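Working notes, structure below.
Per-chain residue numbering starts at 1, and chain names A, B and C are given in the order in which the chains are listed.
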Amino acid sequence: MSERPKAEETTLEAGEDFTASRPHLSRAHLLDLLHQMLRIRRFEDRCAELYTYEKIRGFLHLYDGEEAVAAGAMRALGPDDWVVATYREHGHALARGVPMPEIMAEMFGKAEGSSRGRGGSMHIFDRAHNFLGGNAIVGGGLPLAVGIGLAKRMRGEPGLAACFFGEGAAAEGTFHESLNLAALWKLPVLFVCENNQYAMGTALRYSESETAIAKKAESYRVPAAAVDGMDVVAVEAAARSAAHAIRAGGGPQFLEAATYRFRAHSMFDAQLYRDKAEVEQWRAKDPIARLRGWLEESGALHAQDLEEIDSRIEAEVAEAVAFAEAGTWEPVEDLTRFVHSAAARRR
Amino acid sequence: MGEIRMPSLGADMESGRLAEWLVAPGDRIARGDVIAVVETQKGAIEIEAFEGGTVGRLEVAEGQTVPVGAPILSLEEPAAAAAAAAPPPSGAPAPTPEPAPAPAPERVSQPTAAPPAPEGVPQPAVPSPAPAAVEAAPPSRAAERVRASPAARRLAQRFGMDLAALTGSGPEDAVVSADVRRAREAERQAPTPERRAPEAGRARGLDLAEMRKAIAAAMARSKREIPHFYVATQVDLKAAADWLAETNAARPPDERMLMGALFLKATAKALLEHSVFNGTFEDGSARPGDGVHIGTAVAIRGGGLIAPAIHDCDRLSLDALMARMRDLVARVRGGGLRSSELTDPTVTVSSLGDRGVETLFGIIYPPQVALIGFGRVTETVLAVEGAPVVRPAVSISLAADHRVADGHRGGLFLRTLASLLQEPQSL
Amino acid sequence: MSGMRETTYRECLREAIREALQRDPRVFLMGEDVGHYGGCYAVSKGLLAEFGEERIRDTPLSEAGFTGAGIGAAIAGMRPIVEIMTVNFSFLALDQIVNNAATLLHMSGGAFNVPLVIRMATGAGRQLAAQHSHSMEGWYAHIPGLKVLTPATLEDARGMLWTALEDPDPVLIFEHVLLYNRSGTLSPEAGPVEIVKAAVRREGSDVTLLAYGGSLFKALDAAEELAMAAISAEVVDLRVLRPLDTATIAASVAKTRRAVVVDEGWRSGGISAEISTRLMEEVFWELDAPIERVCGVEVPVPYPAHLEQASLPQVPEIVAAAKRTLGR
């Protein structure tokens, strides 16, 4: 693989104790959370723009508004942990530490992308960060997380599998099968439900008889907590607490984070299913504005800090775009190279 | 419009008897459709149209024999064809063709047709269709494709065999590869006197008059169509004669090798190198032989001449070749020739040495492209290393078809042949 | 040969699993009723006592859940053998098999391979009616990224599993339900076998019978019957449906010039269609007859014995098809 710019500092390298059961709310830590959320937001804003330029194609599902969930939850994960995410996973990949240039190159479909361009926006994978996608079948990732938890337990390895999914997955059979298996076998799995209220365009009230997802988890004897997904600190606190319990050998934990996506489901969505007032109502809870306001109010955030964060992000995004632009296309002769490992490993 | 003529289905076919019409006036025919069955010396053969159109008039009645090249069917404009849709002539002489009716657009242009042409502007010659006539005409009998498996087709093509002549043993009586192999084997093993009647019959009871007729036809055609050229050279046979003497020293008379075997083998090997002389030329294109099958001209008492093939001469040992020659001569004279021996030589060798001939200028047997002639082996004064010596020598000639080769290549062929004869032990 | 011992297909499978569990601590067996029940077809009987609940892992009736867990565990360093009781239930896990197991290596640009083995019973013949009698192995053979094995012989039942476990990618093993009781002799040295080639089980010269799994023995019986009619049938055991060993298949048919494909699965869009097409592509000019197929009749498999048998390929049909290729 060609050289790429150095990865931006992330949780993994931050030197914090990810195993602590509670967040340590230092100024640096909070600024870091703000930086992470802004980073995701700006990256995706740029993606939306590049989509209109046809640099990015296929489906593009943006995480706009939900950044607090990934940014907060990842604080509770360490290098031995695994992440299984969905097709709306740019935020998780970034927060997990997958280098932004590789993510952008992947979205461009370039060989330098995290999946050599073969996955695109919905299929970011990175073995170095135990980042197992990027799964585009709703509910399809939950059993994988159970399997990773099973392997960890059987191998006696430290770490857990964190599985992110939307509330739409709660209607899938795999949701129930996976919670049952994880609880039955007491596996180290952290289930994180990002309840953004809509399964594509179907509101939760139209799809679930029991709209409190956390209750479903409890019915499988998986300890569950509902958390404000627009509050990054609350998410981090809940995730740390849950992860701590898992690491102590208590089996799986479940978090339901109430959140909202500000943008459309994907780029081609007229949003007929919700009204603008509702969107505005949720925008008022924007996790980024909220953290920034709180920091400003408490005098912890100076204009200079914000400028510095902004310029860092601007540079990183510009670098990622340049890297993606400069990327190369996979040779067509390699079309079938990754169907079997034998060919994939050749050369 | 066009016409279809009695096709030439072989070099020695002069005429054909129209056995059966498979189309009628008014039928639409396409290139490749089978239109008639023609009886020839080789049996009934389906003939196909090489031009499409509407059948106008059948110029020949069933049962009538006409020479190759005679028109047998005329193709017409559809409108004219409809008008000409009369019963085919029956019995001999073909009726004098009536003048085709002039195109009469106003007759077929019904009310919806194009407006009348302005005065003084010639009517375009584009014929209007005559749907009624076409629809009323019986559908032409579609060409029955021989049902044969892919493997059989490929094999038959390789052997140059006619699938239509074979009996199929496969699914739905399809000809399969085993049928082709069996037929090929049968051709080689068993006499099939019924094929190529004038020549393929046993010598006993051969109709020599018929045979002369066939030879005459073939030779006349050869001289008419093939631009012959001739080259000849004299070849020192000392090495060959010495080797023969040595080889034959310990053999009883009836097992002795003759010079003729060396000639044949050397010719076969030379042909391998100069394959342009080994094959056929038909319908404007040359086709290489599927092996070196040398037709060996054998005279028949009473005036006949026949040139059955010894197959794959290049692959036979000298002893095997000698045995085949003896066997062939015996069978020509005593009966039991196989039809394939007559039908598939790829080249002819004629040796008139025992008739005292010094040099021979042959006529090519069509569709072959060459004939190699050997004269008498005589003691000759040759210049060897600057000194005159007496040596056994032979004059070898080549008659070849200028459409496939030229004197230069002929010379190269003779040179190869001559040098092969200098090393008889390697033959 | 001395030392040959009498055994069954079922015991061969069990030995193969036992050997794998002994040789590699990463291997475990997971599925419905594999432990306390002893396996629906008694394949894993006794293994629970020997290896314990961790490695002979009973699962709830959650095909998607435990198949997906097998994929996750394989990615995270284990070598799971997932037993899906029968192919009929595998449809509940189809998403995991097709969308995850088969695609992850490619979608991740080579980052995540899935060294998983999935075993399942397949086929009809036990009067279990439409929902328990499917033969869908040919369907799975449609999917790039999967390997599909159909052991028919004792040697293959004994030997394919270990080789499959060593494969870095997902391998599906289909065991025909009527084979479990099949007995025969096996060399005590029998061990791992290759999983890439078809095998000529009987040599012949007139027609090639192509079969696999449960149909192999019908083809062999048909060949025996054909021999009485002086027809020499060659029988090729496909063994591997994906990737198909086209070379071996084509070589046999090029020799005999005729082929009968036998498949318990349905004809339309089935593996028999694929094989027939490959023969067209490879050996069209060698053929002496149209390729014949003897497939499952296109009906959900019925319950009553006479109808069930009528819906499946049978020896007389194979014999008749072979004769048709010979014009008899």
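Here is the rule we go by: a residue touches a chain if its C-beta (ideal position, glycine included) is under 8 Å from a C-beta of that chain, and two chains touch if they have at least 3 such contacts.
What you are looking at is a predicted structure, and each value in this text was computed from that prediction instead of being measured.
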Response to the item:
Chains in contact with subunit B and also with subunit C, listed by label, are none
Worksheet item: If you average the C-alpha positions per chain, which one ends up nearest the average over all of them?
Response: C
Worksheet item: By mean C-alpha coordinates, which chain is most distant from subunit B?
Response: A
Worksheet item: From the C-alpha centre of subunit B to that of subunit C, how far is it in Å?
Response: 57
Response to the item:
subunit A to subunit B, mean C-alpha position gap in Å, rounds to 82
Worksheet item: Can you give the whole-Å distance between the Cα centres of subunit A and subunit C?
Response: 40
Worksheet entry | In the complex with subunit C, residue positions of subunit B that touch it | 149-154, 168-174, 176-178
Response to the item:
The residues of subunit C that touch subunit A in their complex are 26, 28, 54, 59-60, 62, 64-78, 80, 92, 95-96, 99-100, 104-113, 144-145, 168-169
Item to complete: Show which residues of subunit C lie in contact with subunit B when the two form their complex.
Response: 257, 284-290, 324-327
Worksheet entry | Touching residues (chain side subunit A, partner subunit C) in the complex | 82, 84, 113-119, 123, 125-127, 132-135, 137, 140, 142-152, 154-155, 157, 161, 173-174, 177-178, 180-181, 184, 336-342, 344-345
